[in-house]
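First chain written, first letter: the chains are A, B, C and D, and each begins at residue 1.
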Amino acid sequence: MRQASHGKIAVRFESVGLRYGSGPEVLQDISFTLDQGSFHFLTGPSGAGKTSLLSLLYLARRPSRGSIRLFDEEVSTAARAALPPLRRRLGVVFQEFRLLDHLSALDNVALPLRVAGVAEADIHRHVPELLAWVGLGDHMHAKPPTLSGGQKQRVAIARAVINRPELLVADEPTGNVDDRTALRLLHLFSELNKLGTTVVIATHNEGLVRRFQFPRLHLEAGKLDVLPPMALTASVGMGTGPIPGGGQS
Amino acid sequence: MIGFLRSDLPVARDASGLFLPWLVAVMVFLACLALSGAMSLDSLLDRWSRDASGTLTVQVPAATGANAETETNDRVERAVRLLETDAQVATAMAVPRERLAEMLEPWLGSAELMDSLPVPRLIDVTVAPGAMPDLDALVERLRAVAPGAAIDDHRVWLARLIRLAEGLRLLAWAVIGLVALATAAMVVHATRTALAVHRPHIEVLHLIGATDAYIARQFARRAFALALLGGVGGLALSGPVLWGIGRLVQRLEGGLVPDITLGMGQWLVLLLLPPVAGVLSMLTARRTVRRTLTRLL
Amino acid sequence: MRQASHGKIAVRFESVGLRYGSGPEVLQDISFTLDQGSFHFLTGPSGAGKTSLLSLLYLARRPSRGSIRLFDEEVSTAARAALPPLRRRLGVVFQEFRLLDHLSALDNVALPLRVAGVAEADIHRHVPELLAWVGLGDHMHAKPPTLSGGQKQRVAIARAVINRPELLVADEPTGNVDDRTALRLLHLFSELNKLGTTVVIATHNEGLVRRFQFPRLHLEAGKLDVLPPMALTASVGMGTGPIPGGGQS
Amino acid sequence: MIGFLRSDLPVARDASGLFLPWLVAVMVFLACLALSGAMSLDSLLDRWSRDASGTLTVQVPAATGANAETETNDRVERAVRLLETDAQVATAMAVPRERLAEMLEPWLGSAELMDSLPVPRLIDVTVAPGAMPDLDALVERLRAVAPGAAIDDHRVWLARLIRLAEGLRLLAWAVIGLVALATAAMVVHATRTALAVHRPHIEVLHLIGATDAYIARQFARRAFALALLGGVGGLALSGPVLWGIGRLVQRLEGGLVPDITLGMGQWLVLLLLPPVAGVLSMLTARRTVRRTLTRLL
């Protein structure tokens, strides 16, 4: 079913620790491996360090200690100049969206393409299509301050996936949308995943975690455990039933 | 990378940018005033110096004894000839008796009296442009042909004026230096403030994978354009003001204040102000963005 | 069980319509009544107009048409000067938190007290207590940019309830916290409700809506329906069972 | 409401505020320079005018005919007496013959000659402080006692200087007006920019139930403090600069440039600049916040 699990490794954390300033270690001794083409949820209570962990993954900060390999490159000690090309192979949904308020939804989503030097013609073909798909066909030219919370979140998701990233990192991507939309967005992610994208999604939505039977990275008290898919007790309001191994074919 | 050639992202285009041109306009306007003031003073001073050093008056005392009249005339003529052969002298002309009579009238009551008096004669001398004649040597030589000849170099009061104007010029340049410094500081600071608003945007572009150079360019271009716009506005504003000031100056008596309107070269210097502000803003933007970025990883 | 449902009316909307600029009507002909001391969920798909409806309630904008009565005062036509005293009787959790980034968590929460002129001594007694209750005892002096998403949300909630409002309006107050914390926060709201506060909570979290058996205001396509508590099909990961009529006594 | 008395919310206290004092400092500094320049020019001009209008010279032509000598002396004496009785004249003194001889020597060759000539006599007159004698009327009266008397009021070249300085003063005031305008505009604009950053905070306070007056006060106080701080900084900066300029000016020859250091009153005017900037900023902040608020509901 998956195309891209060639056994290659997309991400490898080894004994990674992170502290802010001189505070305590928010992440302690984190080690895990994500195969290319894999799909993981990242769970854990609020303040456990999920966003911190993801920020290491999307190269927003360096770990205080340990080693992080991304696409087989050591990034914890890499030169600054080596990072932008790596970043372009990522797609990131930030927990706070981080949209540019004075750009239209369309221009926001086009940003990664423009930065990568994609032709305007291609941009104007692909971006509206994707925006329509996430249900924002009518709000293409609206600026973020006039969008609803869920609409902003969908713009942020569209921006993260527009360049078909090799690694998709999403931080609480469904906190502001209804369950139907959340399901639809997760199908989008699992669709990308089937095309080879490695996916990591931090979420508090247990319903989603149960419905999509993907393995979990669970953070608690600074420690990470890799857990199997969550037990299927029930699927509330999430369509017809569980989707083993991800996505409706 | 194609991005280097493509047009700007509209990334820096929000209302906060409006502050930058506004501020640059005011600062360029002030710098314009200061600069044109200093340059006018320069012109004025040059003119005065030239006036003062450019003309001399030679005094030839009247001869006494028999044939005093013709002897005096001879002495004046010899002195004029001596002066005319001097390479540093452009023209030398005896002041006609009539003008002398006019000049003495208040002292002597009537012009007729002068004929019977040993009134000294005067020779107006124009020094060759740029020449700085050695007056002491010249007096020596003049006395050989016209005993008792003396040189009055008109600097009596012009010297004081010149010293005053030189002081003022020094002042004006000091002030223009300060205004320039303040302008530069303001442009730098305004650019930074405008960018502070954009910090989140810089971060997003960075995390999306844009290189430092690419991001810096987006903002530097915009800063250049905004500061240039403001500079042009400030210059345009200073145009009518400088014109009005020129009119004011023209109303002053012409003698002391010659033509102090600005020359072509000086207008060119003023025209340089907006691009200088633009470049300054651009460099600041680039540096600020890069500093923000290096703090990011 | 409830103390304060004296039959008085806290909120009454009559034929309320709202449009932004010259756009279409986001809300059309909305009419409903909230009794004092009642507890309602506000549900509806993303972009349905929940935040817009709540913004009318917390006096951020006037309706384009219709009448809104709050605590028996007509607010749709009230003078601007009459509104601040009304606003102080409200507590609002904004969907985007709206914390002041340069103030500590404590100062953010203290804001409504300071605005109302409460003595500093009282502020320093009550605020830390509430922050500890929402699990931020260790982050009292942290500024919002150094807080996690869920921590920020809890600061926003603390700010909304610190002055024991007569009407609590919360817009997606649990989008960034785990289910356990969400439950805890909803218990906080229902506790306030028992003390007489009228509560309206916009949420996408169906689990919560099912677990707390409160009536729903459902927005869809600009229309509002008042629905009974949602059918209890199951309660996933939300503790032991349903809580009929609100709160564990 | 207790809030009116309580100390500020720390609501407006973020880094963006640092721009305001910085900018106000620069603008107050420039305004200081301009203002002290204009005020120095005022002093200078006053002094010059006083010098020029304070002394006169009366010329009494020599009498002719028999007893010319005594007649001339009588005329001079009568003129002196007439002048001394005039309320607007402080002192009147005939110039001694010896000094006259000195003055004429260059023209007449030797002093002896003068005795045989009808050389006019001179009277130095000091005008009473502040008096502006009507010279035409004075001449009429003088001619009654000393036919042909004339007044030379020394303004020959001072008049030109004065006209120049008056022009410069006009200019200086025009420039100071422009700098003041620019300063005011910048303070207003900087305050608005600083507040733009706070718009979300204003909204939050508004929605929390703070009254417009309360919110405006929070920001107005802060704006006042910041602008005052900046103004004091700018003034402090201009202190050494003005001192240096004063030193420069003192090096100029004393005659033309009398004491143009600033008087107490003028320093007071400069001291007013920071509070003026503060108040301007405060009013702008209040107005801007209120405008933001009335747009909100």
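The definition used in the following text is that a residue touches a chain if its C-beta (ideal position, glycine included) is under 8 Å from a C-beta of that chain, and two chains touch if they have at least 3 such contacts.
The model shown is predicted, which means the values in this text are computed figures rather than measured ones.
K.L.:
Taking each chain's centre as the mean of its CA atoms, which one is most distant from chain D?
P.N.:
A
K.L.:
Nearest whole angstrom, what separates the Cα centre of chain B from the Cα centre of chain D?
P.N.:
Comparing mean C-alpha positions, chain D is 24 Å from chain B.
K.L.:
For chain A and chain B, what's the span in angstrom between their mean Cα positions?
P.N.:
Whole-Å distance between the two chain centres: 65.
K.L.:
Determine the centre-to-centre distance between chain A and chain D, using the mean Cα coordinates as centres, and give it in whole Å.
P.N.:
The separation of the two C-alpha centroids amounts to 70 Å.
K.L.:
Suppose each chain is reduced to the average of its Cα coordinates; what separation in Å results between chain A and chain C?
P.N.:
29
K.L.:
Chain B: which residues touch two or more other chains?
P.N.:
Expected reply: 15.
K.L.:
Touch graph of the chains shown: is it line, ring, star, complete or other?
P.N.:
Topology of the interface graph: a ring, with each chain touching two neighbours.
K.L.:
Please give all chain pairs that are in touch with each other.
P.N.:
A-B, A-C, B-D, C-D
K.L.:
Note which residues of chain A are touching chain C in the complex, please.
P.N.:
Answer in residue numbers: 20, 43-47, 50-51, 95-96, 135, 146, 148-151, 153-154, 171-172, 175-182, 204, 206-207, 210, 233-237.
K.L.:
In their shared complex, at which residues does chain B touch chain D?
P.N.:
15-16, 19, 22-23, 26, 29-30, 33, 37, 59, 61-62, 64, 104, 106-109, 113, 117-120, 150, 157, 160-161, 163-164, 167, 170-171, 174-175, 178-179, 182, 185-186, 189, 193, 196-197, 241, 244-245, 248-249, 251-253, 255-257
K.L.:
Per the contact definition, I'd like the list of chain D residues that touch chain C in the complex.
P.N.:
1-3, 6, 9-11, 13-15, 200-201, 203-212, 214, 294, 296-297
K.L.:
Okay, in this complex, where on chain C does chain D touch?
P.N.:
Spelled out, the residues of chain C in touch with chain D are 58-62, 80-81, 83-90, 92, 98, 100-103, 107, 111-112, 114-117, 119.
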